[in-house]
Amino acid sequence: MRYALSKAAWYFMAFLAAVVLNYFLPRLIPGNPVDTIVARMAQGGGSEGEARQQMYQTFLREFGLDRPPLEQFLNYLGNLLQGDLGTSFGNYPAKVADLIAASLPWTVALQLPAILLGWILGNWLGVLAAYRGGWVDRWAFLGFLTLSNIPYYCLAILLLYAFSVALPLFPSFGGYAPGTTPHLSLDFILNVLHHYTLPFLSLVLVLIGGQAVGMRSMAIYELSADYVHYLRSLGVSDRRIVWSIFRNAMLPQVTGLALAIGSLVGGALLTEVVFSYPGIGSLLFTAIRQNDYPLIQGITLLVTVAVLAANFIIDLTYGLIDPRIRSAQVGER
Amino acid sequence: METLLSVKNLCAAYVQGGQRVRVVDGVSLELRRGEVLGIAGESGCGKSTLAQVLALLARPPLWVEQGEFWLDGTIYHLAQEHRLSRELRGCKVAMLPQGALNALNPTARIREIALEVIRAHQPKTTPQEAYARTQERLERLGLPVRVLEAYPHQLSGGMRQRVVTVISTLLNPKVLIADEPTSALDVSSQKAVVKLLRELLEQRVIEGVIFIAHDLPLLRNVADRIAIMYAGKVVELGPSREMVEASRHPYTKALVEAVLVPEPYIRQRRVEGIEGTPPDLRAPPPGCRFAPRCRYAWARCRELEPPPFGDKERFAACWLLEGMSA
Amino acid sequence: MNSLLAQLLSKGRFRVSVAVLLLVVAFAVLGPMLDTRNPLFAVGGRYDPPSANAILGTDVIGNDVFLQLMHGLGTSLKIGLIAGLVATAIGVFIGTLAGFLGGVVDELLMGFTNVVITIPTIVILILLSVALESRTLVSLALIIGVTSWPWTARAVRAQTASLRVREHVDIARLSGASVFSIILWEILPYMFSYIFMAFVLQLASAILSEAALSLLGLGPDNTISLGKMLQLAIQGEAIRTGAYWAFLPPTLLLTAISFSLLLLQSSLDEVFNPRLRRA
Amino acid sequence: MKSLLQVRALSRTFGSGKRALQAVKGVSFDLAPGEIVAVVGESGSGKSTLARLILRLLSPTEGQMLLEGQDVQRIPLRTYWRSVQAVFQDPYAAFNQFYSVQRLLQKALTLFGPLPTQERKARMHLALQSVGLEPERILGKYPHQLSGGQRQRVMVARAIMLRPRLLVADEPTSALDASLRATVLNLLKDVRQKHGMSIIFITHDIGQAYYLSDRILVMYRGEVVEEGPVEQVVEQSQHPYTKRLLSDVPRFHG
């Protein structure tokens, strides 16, 4: 219990640090931030005249620049607690929270299946390679290594060029055909899947490679452990031994899965950018181009919270899964 | 007495990078039914490698070059049968390793490990049956049943080693190969493990033990007979008491003399260790391998390898003994 | 030491990765020496295909792709090098201090490290980059370095903590050595191979981070880098218009660098940690 | 006779709260100049913690130590370590594998501040010779080029080169083959004879304690449960723990 509380305390501090960073960094821009921001936005081709004036007033209020600094911060925290992330510059007067809510499902739908499938297939293939050994292992390992070492956005670019430009099998942008509105029909679903294939593949291949490389080396490491020799000495078959190894090696891999899910939102922003696929990544890309600070802040905060939550859950459950952690050592040596 | 296990002219070598280092060189031994045979020597004398070979665990880079292996009347040619049926391991010969903590899967409970071992040979055993058998065995040996639910790290060092002993003998192997099973333990835990081994022999769970250790006083108490190894060869063999009280080989004598025990004679004189180190087995010296460290060595020792003098019950390989009848 | 080198050289993976890296570095160092033209100066029209004039064609604004590649590669490598060194140095510093001193210092430093670890790097990168008025090569490299040390610190701490209780450290203390001298002479030599591998990983990840940031539109100003080339190509629709010469070279080069660095790391890992080798 | 070292109610606790572990509990004893005292105990008895406390590699939670009547807290560490040195269990681990014997010895000599090269050389040679090693052949060697016995000899040479008044030997033989143990213990005996230094010999092996020491302290769960001259403790032990310990040691002769 003390363990859980102290962990919670550390995570709360991390969260506070993130919020503080999130709050102060954009305010480090010299001068009156609202002036600067609106001016910068105007360069990016914003609105004119009265609309500009109205925006100016909104942001002045949101930033609360007429108040003392501490009050500004508390004000920000208050809004945050109510789920109010402010108003977007770029898509004025849309609320940041609404924009994010509209994009998030696309990101989750793209990444969650990719992470799960990549994790399952990758671990399975990794153990298989380690167990088989010989040339199977050598070539499989080389394959995994290649896949896992390609930067995921480079693979995305290569796939996009190969299968939608050079060989036009798949659409080259968007989440569904332009001009259609999302509705529930077989046609539309097929259309969505058609758009989904390439981005999904580009993620899943890299994930399989990474998981398999990790799992393989862990399995090989375990294969030379004393307890494996002991089981072997008592006639336990290699097949059964691989099972125990798999179980032992899975523990760290489970945390990997949780982390991957936690960092899902911020993990592959560029896939969406490359494929012009709707989602958080594309949203952020546009926000950065338009200097849309409230939106950028909202997204980074979301990414942080997701990662923190995943880490916190891992820390709490890891002790339950692994008996070795449960009994911490006392004393210096 | 009846012979349970015997090896004849066993040679084993590590082969790596084109280099062949023979660490077990022409060893012949017999283990009788109901007996504990001790094997002693300094580190690097080949006793642990011998244990690996006897437990049928030799795998590259360790190769068995030659040797007959008789077990309960059946012969196995170790050099050819590399994948020597895993059915033998655990069932006919079982290994009792040194570090019990590392020998047990850290994430498995003791009952899960026991189940794994039983299922390796009787695949249809249900967890309940395995549990009941292990429980019964623990009770019969006077060990607490609660260890079944424990994880390895939750047991004390001494208890862990006894639990490993029980797991190794779950399938009633004929021969137990114990490789320094007590070296990491305190004397009281040592005693408990030794008592357990005796118990297992008396209850006929196992029929013979080969006990490998560097600790002569311990072997003197555990083993019925002791073989002394030096540089891959057995240099002397005999009943435990005689080996200590009336050893023949200068190496055995030096080992016995270097022993420090809380017995009054120790404080009355200066105890000397053995100078020098065992030879490099990549280039063993010609003649007697102990000659470079031997007080009594003369020219012949450095040229010709001494054969065993005596009979197969009591022999020593030293030129000093030539002409002495057994 | 020599036997380690011999082991490394006998590994195909090691030889391939070192060869690729040498070629890449030679291209980045020698290229701009031989061809001194300004890469930010247009030499042709929009997406001119490869020709004698520009061997890899031109990009969306008419710049010579080959020339940009040489200079962009240099920028990317510089950023990777600076960021990798900074991250490794901070990580080693914090890790050894926490691991060696233990107690409250350890708890505070590791607490801090865990806070930094859990805040996603990309977030800090984005926020810092947004806040900067202008992003130079050096400032970008520093930002990447300052945000990516925690993993190194954690691993170095674990290693230090296990080295600290070794007897030669006690012997050094009994010879009157100071904390600083013990860390320097008794701990670090044992971790040298490990730190080098950590640096290789940091280098690779820093180069990729630069590319990722540039792709999001947060690359260094007034210069060209592999990431910025990609961003220009994507924004300029090079992929969809089939101007492969504008995006394939930086993509393949990034892949080759990342691949060979990680390959190098994995072959080093196998030599330094014999248990990973197959019997 | 005046005591060299007086240990008074020394305690050390690790951790705090429920997890607290008192490794050493109120240990007191005196050590005369030139005396060899063995501290015998099984693993977890706190004997190694006691050794580290005496070496001041660890600070006590309670208690006091006096070296020649002076509270050790008042003695600067570097001065203290000129008087109190150590030999450890694993002679391989006690070496930094990157440095030669010469460098190991030279580092130890820095405790005396700057010394002329001639003087340093002379001291190193003398120390190595007194443990039966040839300086010319050993000084340039790296630990992996030495045998286990040679390594432990070098560690003893390092300690006696500093001419300490007290040598703490923490299980100096347990990583060595049985055939080498007597050799190392004899070395310690001779060192005492020649230099008159006191030795605290930490061991789990009552046989070795019996051979080497004048007095024995038996430790059990952090406390000294029995103390006395060797013959008395071994032949007429009083405490049930000591009796059990002795009865569990396998008989060798008879």
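Per-chain residue numbering starts at 1, and chain names A, B, C and D are given in the order in which the chains are listed.
Note that in this section a residue touches a chain if its C-beta (ideal position, glycine included) is under 8 Å from a C-beta of that chain, and two chains touch if they have at least 3 such contacts.
Keep in mind that what you see is a predicted model, and the values were worked out from it rather than measured.
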If chain centres are mean C-alpha positions, then the most distant from chain B is chain A
Per contact tally, chains sharing the most pairs are A-C
The chain whose mean C-alpha position lies nearest the overall protein Cα centroid is chain C
Separation of the C-alpha centres, chain B versus chain C, in whole Å, is 53
Distance between the CA centroids of chain A and chain D (whole Å) is 56
Averaging C-alpha coordinates per chain, one finds the centres of chain A and chain C separated by a number of Å equal to 21
Check: chain A positions touching at least 2 other chains come out as 332-333
The residues of chain A that touch chain B in their complex are 225-227, 229-237, 240, 244, 247-248, 251, 322-324, 327
Seen from chain B, its contact residues with chain A in the complex are 55, 57, 86-91, 94-95, 97, 99, 102-108, 116-117, 119-121, 151, 153-154, 164, 167-168, 171
Listed in rising order, chain B residues that touch chain D in their complex are 42-43, 157, 186-188, 190-191, 214-218, 220-221, 244-245, 254-255, 258-267, 270-275, 277
Chain C contacts chain D in the complex at 166-168, 170-177, 185-186, 189-190
Chain A partner, complex, touching residues on chain C are 111, 114-115, 118-120, 122-124, 126-128, 130-131, 133, 165, 208, 211-212, 215-218, 230, 234, 239-240, 242, 244, 247-248, 251-252, 254-255, 258-259, 262-263, 266, 275-276, 278-279
